[in-house]
Every structure is written in C-alpha cells, then in structure tokens.
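Chain lettering (A, B, C and D) follows the sequence in which the chains are written, and residue indices restart at 1 in each chain.
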Amino acid sequence: MSLKPTVRIQPDDFDLAAEVAALTNGRPGVGAVVTFTGLCRDEGGILAALELEHYPGMAKAEIARIANEAMNRWPLTGLTAIHRYGRIKPGENIVLVVAASTHRQAAFEAASFLMDYLKSRAPFWKKEHNADGSQGDWVEAKDSDEDAARRWAK
Amino acid sequence: MSLKPTVRIQPDDFDLAAEVAALTNGRPGVGAVVTFTGLCRDEGGILAALELEHYPGMAKAEIARIANEAMNRWPLTGLTAIHRYGRIKPGENIVLVVAASTHRQAAFEAASFLMDYLKSRAPFWKKEHNADGSQGDWVEAKDSDEDAARRWAK
Amino acid sequence: MTKIVYFAWVRERIGKREEELELPADVKTVADLLQWLQGQGDGYAHALQHPKVIRVAINEEHVDHREPIAGAREIALFPPMTGG
Amino acid sequence: MTKIVYFAWVRERIGKREEELELPADVKTVADLLQWLQGQGDGYAHALQHPKVIRVAINEEHVDHREPIAGAREIALFPPMTGG
C-alpha cells in the first residue's frame, strides 16, 4: 500500500468516485474514506465564473508538502489532493481531497487539515467574473481561513 | 432547496457520486461537500464477512432524528445518510454520509457529528463471519465511540 | 400483553426474535423488566446477566433503565450498538 | 540578474508576469526588495503600497520578509492566497 500522497494540479474536472476507488480497491484494510469537494458558488446569481490563477512551479510542490505532513500526523492508508485552475463556472468543482484510513477520526481530521492549509498556503488566487459582464474583483483572503490553519499548529 | 435530510436503510450498495450529485446538481449555492464512506475491513485477512443486523422499525427514525439535529446545528444545504444491512464482505461499503453547505467547516463538522452518533445510537449490530469458517463474535462497542459522541454534547 | 423484541446476542441467547408477554403488575420500569426476565429461564439469565450493558428502546426510542413501561406497545432489548 | 515573478493583482498592477532584474547590492532581504521595487514606477508603487500583505516565495517556497535573497533563483510576489 503506497504511503505517498497523490497530488494533481489540472484544468480539467475530476471524478470523485474514481479517486475514492483508487484509494479503496484492492485495499481491504481501509475502513473509512472522507472526501471534501469544493465547488464554485454563484454568490446569489451575481457570479458568471471564477478564474483561478496559480503558480505552476510551486503549486504542486506546496500541496505535496502539506499532504506529506498530513500523512505523517495521521495514520492514513492513502491521501489525494486535486486542485483545478483556469475558468470555473458556478456549480463546477474546484478542489478535491480524499483521505483514507483504518478509522474514521484520522480520515476526518486529515481531510480537514489539508483543506485548511490549501486555503491559506497553496499558491492559487481567484478572480471573479460577474454575470452582468462587469469587471470582477480578486477574492480576498479571509482571516477565518488563516485562523482555521492556525488551529492545527502543534 | 430542501432542508429535509435523506435517510435510507437498505441491503444494497449505494452510489457515492450519485448521492453527491443529488445534493449539488442545480444548487449553485453549495460550496462544500464532505462525504464519509465506512467500509468493511478484512481485519488482516481473518474476516470473511460482517452480518449487519438492525432494528427495522427504529433504524430509519433514529438516524433521521440525528440527521435533523445536525441540520439544526449547522447551516447545511443538504444531508444524506445511508446505512446498509445484511451480509457485507471486506472492501464493501457499509455506511455513507454526505453533508453539503455553503462553507467547509459546517460540512466537516456535521458529517463527523452524524457518524459519531450513528456509531453509538443507530440500532445496528455487527457479527463477524471468519474466513476459516469458524463462528465469529459480535463486534463489541468501543468506549472511544461513546466518547466521540459525547464530545458533541452542548 | 406487551411485545418484547430482542436483537444481536440478546436475541441469540434468549433464542427468539420477539414474544408477547403478560407482565406482572409490579414490573413498572425497564429495570424491573430486566430483573423479572432474568428469572424466566437459562437463556434469559445468560442474556441479561449484566443488565447495565443492555440497551432498551420503548416504542422505537432509546430510554434509560428508570423509564416506566406502562403503556409500552413494543419494548426492545439489545446490546450496545455497533453501526456505522 | 534575479528572476522576479508576480501573480494575481500584484501582476495586474505591475503589468507584467515576470522580469529579470539587476538588484542593487544593498537589497539584501525580501523587505529590502519590496521597498526598492516601490520606487521603480507607479505600477510597482500601487502593487506594493501595503508591503505587509505581500506574500513571498523564494525558489518556490514560502519565506517571510526577513529572509535574505542572496542566491535566489526565482522570487515570487503575490497577494494572500485564496485557493481551495
């Protein structure tokens, strides 16, 4: 059973069921799988799309660093993180985390940890495109995301 | 958008992707979906199957009670719980929880809460069937599961 | 007559899934019922030898052992649950 | 020459994705670099007017503003991240 996390940075959508199957098929020791899917919201109809910019050289390495830390902190049997970039419309997927473990608490905590760190450490930036055609803003980082990451500090 | 949780008790397997789609398709306000899948472990090869016994009259009502409490405690846009019964082999699914919300923390916490309560409040019991054909034991309840449920007490 | 249902190893040890019982008038609470049932035969004694671990539902809702059973339509006795 | 790369509104305000710059000898830390860049034109001044909010990576790893830049192959300047 591989203990190396899977990290992918891609413009295309991902397949939740396939990613879960990759961490469970042929691995009968896995008892718990937690997934997190982050989707583009329409913000009450004002948003046409998000444009996700990223730092290609750094994004994959940084997410892999965070994922490896999660593998070290929790007894996981597998961990996958996929982050999309480019133009993403409301209702479409942005990010996927899958954490597999023998027991549920490790899977929940590792997935939550990975998401909190992705939010504040992965080099991605979101620009809004408005439904009325007007120029949108860059999404502002939230203090609550910084705080969420900080709660995992040991 | 319906605020009534979906609860199903069934012998058949479930379709993770379909259940997530049911809580996201046509709902562009959803930004975060957390799923928990519980699978039958082979316990290092000694287990042939688990036999899940349940209390039919009570199981669905009790899980619905817990799910409704989760809907009241967190700002969810949807919540699904599916629990299988009957004979389940290692690697097969036992239970699914899907929690959808505008923001990730609510989805993570509600899914974790629901699983902790399912473990100690839903009327299901697991009997082991051993791979060597010998009579297996009833799985014993774990104090850690009771403790996990208790941490949500308000 | 009160319908009593059993699950998991409580069911196996008592040897039946359910039964209709005429309960004595002095069996007023869940705790009384568990004590009285222990005298109904070896299977019952074995199933209920540690009454504190037995979980109980009346009319399909969890109750504790102090709960009165008057008017109960269905009483379920079972081990600690192991779902999920 | 040091390669400097910009992202998001830092990139938009400066008006370029990346450039190779000859840095003065007294620009020794990330903080020095941010201060020096502010004097390189209106776009830079606008992008870096609140240097505390600017996040920096050297050779694709997060660093804080006290980090020395000697030997840096690539320095990236960007706003707080909003991934996930």
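Note that a residue touches a chain if its C-beta (ideal position, glycine included) is under 8 Å from a C-beta of that chain, and two chains touch if they have at least 3 such contacts.
Nothing here was measured: the structure is a model prediction, and the numbers come from that model.
Novice: Which chains sit in contact with both members of the pair subunit B and subunit D?
Specialist: Both subunit B and subunit D are touched by A, going by the contact rule given at the top.
Novice: Could you find the chain whose CA centre sits the greatest distance from that of subunit A?
Specialist: Most distant chain from subunit A: C.
Novice: Indicate the whole-number Å distance between the mean C-alpha point of subunit B and the mean C-alpha point of subunit C.
Specialist: Chain centres of subunit B and subunit C, defined by C-alpha means, are spaced 26 Å apart.
Novice: Need the CA-centroid distance for the pair subunit C / subunit D, whole Å please.
Specialist: Chain centres of subunit C and subunit D, defined by C-alpha means, are spaced 72 Å apart.
Novice: So what's the Cα centroid distance for subunit A and subunit C, whole Å?
Specialist: Averaging C-alpha atoms per chain gives centres 48 Å apart.
Novice: Return the residues of subunit A touching two or more other chains; collapse runs of consecutive numbers into ranges.
Specialist: Residues 38, 104, 115 of subunit A each touch two or more of the other chains.
Novice: On subunit C, where are the residues touching two or more other chains?
Specialist: 84, in rising order.
Novice: Can you name every chain pair that touches?
Specialist: Here the touching chain pairs work out to A-B, A-D, B-C.
Novice: Could you please specify the touching residues of subunit A with respect to subunit B in the complex?
Specialist: For subunit A paired with subunit B, touching residues are 15-17, 20, 24-42, 44, 90-91, 102, 104-105, 107-108, 111-112, 115, 148.
Novice: Under the definition above, what is the set of subunit B residues touching subunit C in their complex?
Specialist: It is residues 38, 52-55, 57-58, 61-62, 83, 94-95, 115, 118-127, 138-141, 145 of subunit B that touch subunit C.
Novice: Which subunit D residues qualify as touching subunit A in the complex?
Specialist: The touching residues are 5, 7-9, 11, 57, 60-62, 74, 76, 78-84.
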